Amino acid sequence: MFYRESGDFSTTYAEDNQTFPIKFDRYRYYAVLAVAFLVIPFIINDYWANAVFVPFLIYAIAAIGLNILTGYCGQVSLGTGGFMAVGAYAVYKLMTAFPEVSMLVHVPLAGLITAGVVTLFGLPSLRIKGFYLAVATLAAQFFLVWLFNKVPWFYNYSASGQISAPERDVIGIIITGPNTEAWAKYMICLIFVTLAALIARNLTRGSVGRKWMAIRDMDIAAEIIGVNPMMAKLTAFAVSGFFIGIAGALFFSVYLGAAEVGESFGIDKSFLVLFMVIIGGLGSIFGSFAGAAFMVLLPVFLKNVFVGLLGWPTDLAAHLQFIVSGGLIIVFLILEPHGLAQLWRLAKEKLRLWPFPH
Amino acid sequence: MPEQLLFAMEVTLNGLMAGVLYALVALGFVLIFKASGIFNYAQGVMALFAALTLVGIMDGQIPFAHIINAIFGTELHHFGWHVPALLAIILTAGVMVVFAWLVQKFIFSHLVNQEPIILFMATIGLAYFLEGVGDLMWGSDIKKLDVGLPQGINDWIDITTFEVFGYGFFIDNLDISATIVAIILVAALIIFSQYTKQGRALRAVADDHQAALSVGISLNFIWVLVWSIAGFVALVAGIMWGAKSGVQFSLSLIALKALPVLMLGGFTSIPGAIVGGLIIGVGEKLFEFLIGPMVGGATENWFAYVLALLFLVFRPQGLFGEKIIERV
Amino acid sequence: MNALTGGNYTTADGRKIGNTMMEMKNITLRFGGVVAIKDISFDINEGEIRAIIGPNGAGKSSMLNVISGFYNPQEGEVWFHGKKRPPMRPYQVARQGIARTFQNIALFEGMSVLDNVMTGRLTHMKAGMLSQMIWKGKAEAEETANREIVEKIIDFLEIQAIRKTPVGRLPYGLKKRVELARALAAEPKLLLLDEPMAGMNVEEKEDMSRFILSMNDEFGTTIALIEHDMGVVMDLSDRVVVMDYGKKIGDGTPDDVRNNQEVIDAYLGVAHD
């Protein structure tokens, strides 16, 4: 009863193909957008921006990127951290080399550069499959981190080996550097995440998305019905890299402000984003958001409980955080291997029929 | 003989020794992957956990002292006794068996028939969990582990090579004992899997779950068994590595090196794990020795992965895998 | 009418059979030391239903795999529409207009029925990445146009009701039908069916036979099929190739084959009545 689709007819195929074919879903989607764009920017403060919203939005972009590669195209990648580093260093080099060009150009450009690098590391996927490929992407992870550490050109020969984002603005609003206001950080990330989600959605509902999913589900059959496996895989790597690069660029320039590659983009990042994708739901754009929210909120929540509420020392809380997040991941996989997106789908099913059981 | 060549030989020998340790960790991976199709990312953390537990038992640490102190405001640390190494090893092996049973009972018996990626993710969750538990039980400070293995330079090799080549090789006694232990362990595993009933059952399960089930082999038992063996292998690797560089978190990262070893050797081949381990061990040491100085060093961080990657591009089935014929 | 010289005749039930579409010349396929196909030649005419039969392990599926480019034979030539075909990847063969179904169903289990059938249209969809990213103009128009074609095929195969069901949930018989729909969606010139009726009950077999016949009749699709049910093969096909241990032991109309002594010995056996 809460959730109805009767009386909601599609009369054209285009209508049937839209993102939210059911009216109720559509209105809810508009409501979420309205709150995100028109309400939150006015009430957000530094704590909420830095602890929750900005990392959530940026990780959502990264999760969408990885979900395209792993969830839609079936190629498991453990190189996300390294690929985010490519985006971060690309945007750093661009920002410092061309200070007069807008960040709205630099960030997508960093995404494109990352897409190129990721495609290069995607080449072995033409020969290697499954876990072998997953381990192969570790090569990218370790090699890239090493590269950004060892070649001073990447960090402009700074003495500390760190990169730090200079102040840049978009139409007069400062979005990077220490003087950035909370709402500006939030807004720039929100714009990119909205665009990323729309593009990802459009790609995955059309023929490109079907090619990816065909490769994921059965690569041999996909090739026999006319999918060029090389093109399908490499486009997935490229699009995935584009989003992950944007996420890395924003993570460094807007969120961190300063970064050291091993610390900010280590293998832990790769696993973190992979967790988001799995917990959120493989092959679901909504799941990427849900997973990112979950993994960002979990440590915030645990820290508040253990340190804030119980007053335990922080190192103890950190260990407990490992235990709880590790345990939760296992529990999640046992209860719902298809992730939060699937839970959401089941809940909708239930709501549709409510108050009747069947 | 030119000095450079002698250095290279010494590096090669040391690489072989390091390779033995890689091979040990890889062996744990292979055992579990063969028997249950689970790609066990937690193998490295298992080695860390086993080593932590061993040190904790030997030093008579009170488990979970930190959290008990935090909750009750007490000042607990040690029981005040020391446990001899051999007894502590046996006790730790017992802990690893209990661990294997818990893993099977609470995790993987609920994940039967799931896709490999889901199982893999579960082991990553397990790795995080186990790491947290290890730190919580025994504390996260770096610990020294000494189970009485000989340490330091092997004088005999040093003197002999000095007499022959005019240059004494530096080979650590610990590495030599690690190699011997590894050889014994592998021999024992082979004897176990070839000549015992359980070993045969294990191989049957590795071949075909369904068929093994239909002739009355208990999958549950086999999986607990194989996780126990993997736990024991992890313990051995943990002892060796812990004795060499202290028991600390980085141990679980070094264990990641077992992954490229597996790629080289194939995920299901025990000889592959050993040969792969040796190749990676020697390869990365030699590469660092020859090329490292030109590119700023620390190539050991990635060399193993890139080598495995390049190798696989030309031979996707690994060293010992059979050629893959695709069918529809 | 002489079936073996092929081409350009009208069948008893009034269908037009055209020129030779595909010709296999002296195909030999080896896996290591094992010879799967040994020096086989046969042809397929436009508009006909051509069956390949033989005992298990005779090399029938391998032959289909050669046609669809999955295996490249060590010796011999494949001629398609009067041109010699160079060694090709399967996706290139698909783009030439050859579609197929599989013995063990090879559907994309993670996708809905509709999406599965839409994958059959992939060879016809050309919108670029950028257009698809914004989903306006070409991408959307193309999607709608192809959806219409797919809906016709869904109607034809009577699977409208399960359109949005995930394929993984379907029973065996329906999966086979969805797979046929996917192959048909490509509007192939030549359709290869690998045991389309394996594991079906009588009713499902009747449905499937009906679909095969009307595909051939209404869309003029040329069909090559492997099947074990002799009744079906003899009723449906215009000509039959018989294989045994990788060799061709018979070729001709169903009647020719039925009376061929070698075929009877190797495969058909003697009727005990």
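For this structure, a couple of remarks:
The chains carry the letters A, B and C, assigned in the order they are written, with residues numbered from 1 in each.
By our rule, a residue touches a chain if its C-beta (ideal position, glycine included) is under 8 Å from a C-beta of that chain, and two chains touch if they have at least 3 such contacts.
Bear in mind that the values here come from a model prediction, so they are computed numbers and not experimental data.
Nearest to the global CA centroid, when each chain is reduced to the mean of its CA atoms, is chain A.
The chain with its C-alpha centre at the largest distance from the centre of subunit A is C.
Between the Cα centres of subunit B and subunit C there is a gap of 51 Å. A separation of 33 Å divides the Cα centre of subunit A from that of subunit B.
Centre-to-centre spacing of subunit A and subunit C amounts to 42 Å, using the average Cα coordinate of each chain. Across the assembly, subunit C contributes residues 70, 102, 106 that each touch 2 or more other chains.
In subunit A, the residues that reach two or more other chains under the touch definition are 220-221, 224. Residue positions of subunit B touching 2 or more other chains: 326, 328. Per the touch definition, subunit A reaches subunit C in the complex via residues 12-14, 16-17, 199, 202-203, 205-208, 210-211, 213-214, 216-218, 220-229, 235, 239, 283. Residues of subunit A that touch subunit B in their complex: 76, 123-124, 127-132, 134-136, 138-139, 141-143, 145-146, 149-151, 220-221, 224, 267, 271, 274-275, 278, 282, 312-313, 315-316, 319-330, 333-334, 337. By the touch criterion given at the top, residues 68-70, 89-91, 93-95, 99-100, 102, 106-111, 115, 118-123, 125, 127, 129, 132-135, 139-140, 142-144, 147-148, 151, 182-183, 186 of subunit C touch subunit A in their complex. Residue ranges on subunit B touching subunit A, taken from their complex, read 39, 66-67, 70, 107, 110-111, 114-118, 120-122, 124-133, 135-136, 140, 253, 256, 259-260, 262-263, 267, 295-299, 301-302, 305-306, 308-309, 312-313, 316, 318, 326, 328.
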